[in-house]
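Across the two complexes that follow, chain A remains constant while its partner is chain B and subsequently chain C.
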Partner chain A sequence: MKPTSSDRRALAAFMAPAIAVMVIFFIIPILYVLVVSCLKWNGISAPQVVGLENFVKLLKNSTFQRSLKNNIIWALVAGFIQVPLAMVMAIILSRKPKGWKFFRTVYFFPQVISGIALATLWRAIYNAEHGMLNGLLSAIGLGSLTTDWLGNSGTAFPAVLIYWVFYVGYYMVIMMADITTIDTSYYEAATIDGATDFQQAIYITIPLIKKTSLLTCVTLASVMGLRQFEQVYMLTNGGPNHRTSTMVLYMYERLQSESYGLASATAVILIIVGVIFIITIRTLFNGRGETVKPKKARRAVK
Partner chain B sequence: MKKVFALLLALVMVFTLAPIAQPAHADGEIVINFPSIWVGTDSKAAYMSELIEKFNEENAGSIKVVVEEQTDYQAYRDKIRTTVTTGNTPDICILDTTFDIKAYAESGKFMDLTPYLEEGWGEDFADGAFDAWSVDGKVSILPFEAAVFTPIYNKDIFEAAGWDHFPATYEEFFQMAEDVKAAGYNVMGQMAGENGWSSMLWYSLIVEAIGGKDVYADGLENPAFVEAAEVLKKMYDYTFDGAVSAGAADVNGHFIARDTAIYLNGPWWIANFYKEDNAVDGKLLADSVEVATNPVYEGGLGEGGLVTTVQGFLAAGKQDDPAKEAAVVKFLQYLTDPEHVSELALSSGAMFFVKYTPAEETRPISQKVTEVANNAAFTILHVNGAFPTAFSTEFPSALAALINGDVDAQGFVDQLQEAIDMA
Partner chain C sequence: MSETRLRPPLRGKELVLAILRWILIIFFAVYTLFPLLWLLSSSLKTNFEFLTKSPFALPAVPQWQNYTNALSVAGLGRMLLNSVIVGLVATLVNVIIASMGAYCISRFRFRGRESIYTLFTAGILVPLSALMVPYFVIINKLGLYNTYGGMILLYCAIGIPMSTFLIRGLMDSIPMELEEAAYIDGCGFYGRFFHIILPLSRTGIVTAATFQFLTCWNEFIFANLIVSSEKLRTIQVGIRYFTNQFSTDYVSMYAAIVISIVPSIIGYVLFQEQIIAGMTSGAVKG
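Let's turn to the complex of A and B:
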């Protein structure tokens, strides 16, 4: 049945607020950033049109290159280490072992604490003089390994990355919610067929959440990896010598230097990288993806 | 029904998206918006609060100054940059040398204060105070808070290391450093974390000692910058562990804890030497410290020089309403009144560009710092103040690269120059 003109008007009325919000808060700012990215502008004096010069400058700049590289590492670690860890936890806790509610709360708890507070806590742990990590190493006879974790060029980035990888609660809860919707008859059938818990996870659970919560979590985690700011800002402020810098932090530094054109060009590149990441992730998940039919799942565990 | 729905929708959008503007005149009262960093634990906070309260009382019903408190210095700078850039310049704000003051003065976004200064108000300020900051003879940014940077040392630690005086030369300085280190103390606090403030000040002192009065004339081309970087790197052998990632709290904490011999910061910090909280066994830190001068660098051009800066400028957003402009000027004049500034200096330990008769100084350390300032043969700005903002943004990163051995002294200077060129 074709929609009548009255239906179309109603449809337009319902969509108008969302479109208006989208245009005002998303499209116009992006267009503004695009325009400013082609300017040499300190935010005060008259802007000067420089075309693509800001992009050329950025791509040649070693600090920007390092920030981009760090962001890509961060997004990959988020998508392919942090989320799989969360998935493992979700699968284990979904089997409702003893004390699963307690562990679910414990793993989710860091999510309700602000990133700034966590970063402050870890800054204290990594402190070269009084930090818990160096104290622990000294106590167990590994004093030779103590270092200025956040000030050493070789350890700063891993130190910033490692602590954050283990905060998996957010993705774990999303995947747990999805796993609970899987028909239990699949597991019952698999159990009758002699499948172990591990086989059930590999051949039933993962295929059934792959295109839903797993895809969502990998996308979210990667995008959040690309947006990293507060942890890095609080822990190292991008130091030492930009070793832990990210694109958002780099953009912030350009704003502090009153280089609005460069900051906007960084934002444009960040958007492009984000889009590439999302398309790649979706292609990876959809390319070889086929909806797992219950029959196939049963066959697989035989 | 649909029309009613559409109308409701439109009303909701209008009310949720419309900006909520604060009227300049509420019941005939002019409201002056003043985002301030002189709040919280800032040394000027207590007297500033008192002063503003008094002003509001005296002008009740006609002018009201509303302070927007921001205790984080970087967040405050970000806020001011954003508001000015987006055309929402506050009625009054505080700037420092991390802003491109010339560009701000030329922008036309700030009130031209020249006519008011020419009416006599300008005589309250130190001679030549506006010279470096005026544009085409017009003054829109007022230098207000001054700062001088001279080392302060702990006599007890020096004594424990066998020293009864502060080194007169940098050669002697490093001999002293060896002795202090051997006695089990840190010589000075350095930091490449946050904005690298303490190390930036030390670098400024060394640059001044080597390059002298005209060291900034050729930008970073002057060889003094490379030589000073080598000296600064050497100083990191005499600071506490973890200085590359350390911040101001670490530097301050070590000096207060009496495990570090030398401290370098602006005069606003002097009040902390007199705080009971920082006393050990009833002995104030002030009783252990002495004011020194920048050592002479062998072959350098900077003997007798002093590193200084404008720590705070006052600026007022341009006004369309003459009544509000008059109110803003009235408040600025009240704030910079020599009598009030005298009290502010006494309560905070800070120094100002306003000419005032010092109230009875109860802090000998402040007096000695003032003496050092008065006896200076010449002054230069600290490096952050002398170069564009990109320099100060890059400084901690270039410093960490230098200390970690990623670059040599020349590479350190090149990295700073590259950052300036990039912006």
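Let's turn to the complex of A and C:
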């Protein structure tokens, strides 16, 4: 509809709050981190322009290096282990086995529980003296494997990383919504031709979701991996000896110590690494890097 | 896919696959549920039981007083109230602003409309935690550090792109003719918005509101960043302090965690469709 002249004023009034929010909370903050990343500034005294010095400092800092490395590992594990697991479960549940609605509900639980509550729960599970994991290992006769999972520098990062990998509900639901839109005649024809369920999954389902929901999920999961904060903050607070630090945790610590420049530079690197991941994944999935709009995940299946 | 498909009796490879399938289904369900049940069971034990007996033993006598302990010691009641206040107000303001914006973008052709919409969609993509520093500075500059107002403003703002996206999606599906007919009958801009579009976009608004409330309820990073007063702590920030407050009283701590999780689970079970719809539409976030 074309706005009439009397509509115009109302239109401007209606649009204004949302636009104000976008400017104040999205555009200005992004410009802010870009500018401040080139400053030496504690938030109080006069800022000093230092160019790219903050970035050089960061890349030389061993804690930052460790954080960056952890985030990249996290992004890769999320995108290429967690999402494929979710895909397998999406394929299985979209065939509607007995109780599939119940299982879908259950798998989605970790998504609605706050990250901080889940992390606290897992801290209790990993606890060296009375945690469930050590209890389980002792109970099945593997007592020799019990250890202080989060305190031990060898096991801390894998422990922080792994528990999350098996929470596949979110990606599973996205892919299930996609799979249910696939024309059933493909499967009917394949069944007549004697294709097994497994063959149908490999030759029909996966190719058909690859450029849509699978791409979306791999991208999403990787980007989530780059943003990890609550898990490490609550489970280990980056320890032992910064082994489990992440970029957002590092940024948080720099902000606490009032190094606004370093914190902002970390934010800029986080955004850049994210963009690199998104472009690389798109290129991988589409062969020749042409951008295909990911199909919007439809409303979840009933 | 079709349920009426005739299945020949399973044998050989097919049988192996069927077994494998159920192993996976059950593994993932146990993996999700077992820790939660363990938490629930632990929260009903005595500390002595918890520390000396097998972690898998059920509580001999359910210790409900752990829950009353948790509520009194940690000030959980206050935290839950804070979360509810912040969540409700931020959600209400958020959906009002988003519905207004979505209405303009969805129903009118005007200059800059496409760029505005692109701006909103791009907003969904921004890794918000990267903007921690400017958000901290903005809230401080506005004098909103340590206030409900600060949390409400920030939560309301960061959810705007997503809510606008969800509500606009629904408004797009309302036929233009309805509004044009009303226009010809002399119904003005506000009349059309309040009497025609808003009621018809109900489902989209409910989805956006549910999603927004859940996001507020579970948010931790910013709540932790812009509030330090004990009186204003939300439940998520509170969890962080449980561990110290209950230094040796593990069972009460577990009760406190259960209390913090239960509202999310109940909300999820009640609003399952909206939450899943909100979260999966957010998949464009890629």
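Following the convention adopted for this analysis, the second predicted complex is superposed on the first by the 262 of 302 C-alpha atoms of A that agree within 3 Å, B and C clash if a C-alpha of one lies under 4 Å from a C-alpha of the other, contacts with A are read in each partner's own complex, and residues count from 1 in each chain.
The definition used in the following text is that contacts are C-beta pairs under 8 Å (C-beta built on N, C-alpha and C of every residue); 3 or more make two chains touch, one makes a residue touch a chain.
Remember, predicted model here, so these are calculated numbers, not experimental data.
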item: In the superposition, chain B vs chain C on chain A residues touched; value: C
item: Contacts of A:T120 with chain B and chain C, given as first, second, both or neither; value: second
item: First (chain B), second (chain C), both or neither touched by A:N61; value: first
item: Partner chain(s) touched by A:S5 [first = chain B, second = chain C, both, neither]; value: neither
item: Partner chain in contact with A:L150 - chain B first, chain C second, else both or neither; value: first
item: Touched partner set for A:A128, first chain B, second chain C, both or neither; value: first
item: Which superposed partner A:E258 touches (first chain B, second chain C, both, neither); value: first
item: Contacts of A:I24 with chain B and chain C, given as first, second, both or neither; value: both
item: Chain B versus chain C as contact partner of A:Y32, first or second or both or neither; value: second
item: First (chain B), second (chain C), both or neither touched by A:I278; value: second
item: Residues on chain A lying within both footprints (that of chain B and that of chain C); value: 10, 17, 24, 43, 129, 255, 260
item: Chain A-facing residues of chain C, complex; value: 1-3, 5, 13-14, 17, 21-22, 24-25, 28-29, 31-33, 35-36, 38-39, 42, 50-51, 54-56, 97-98, 100-101, 103-105, 107-110, 116, 119-120, 122-123, 126-127, 129-138, 154, 156-158, 160-161, 164, 176, 179-180, 183, 188-190, 193, 214, 217-221, 225, 236, 239-240, 242-243, 250, 254, 257, 260-261, 264-265, 267-269, 272-273, 275-277, 279-281, 283-286
item: Sites on chain A touched by chain C in the complex; value: 1-3, 6-7, 10-11, 14-15, 17-19, 21-22, 24-30, 32-33, 36, 43, 88-89, 92-97, 103, 105-117, 120-125, 129-132, 135-136, 139, 166-170, 173-174, 177, 182, 184, 187-188, 191, 196-198, 213, 215-217, 219-220, 223, 226-227, 229-230, 234, 248, 251-252, 255, 260, 263-264, 267-268, 270-271, 274, 278, 294, 296-300, 302
item: Touching residues (chain side chain B, partner chain A) in the complex; value: 2, 5-6, 9, 13, 17, 74, 77-78, 81, 84-85, 98-100, 103-104, 106-107, 109, 192-194, 240-246, 250, 388-390, 393, 396-398, 400-401, 403-404, 406-407, 419, 422-423
item: Chain B-touching residues of chain A, taken from the complex the two chains share; value: 9-10, 13, 16-17, 20, 24, 42-45, 57, 61, 63, 126-129, 148-153, 156, 236-242, 253-260, 262
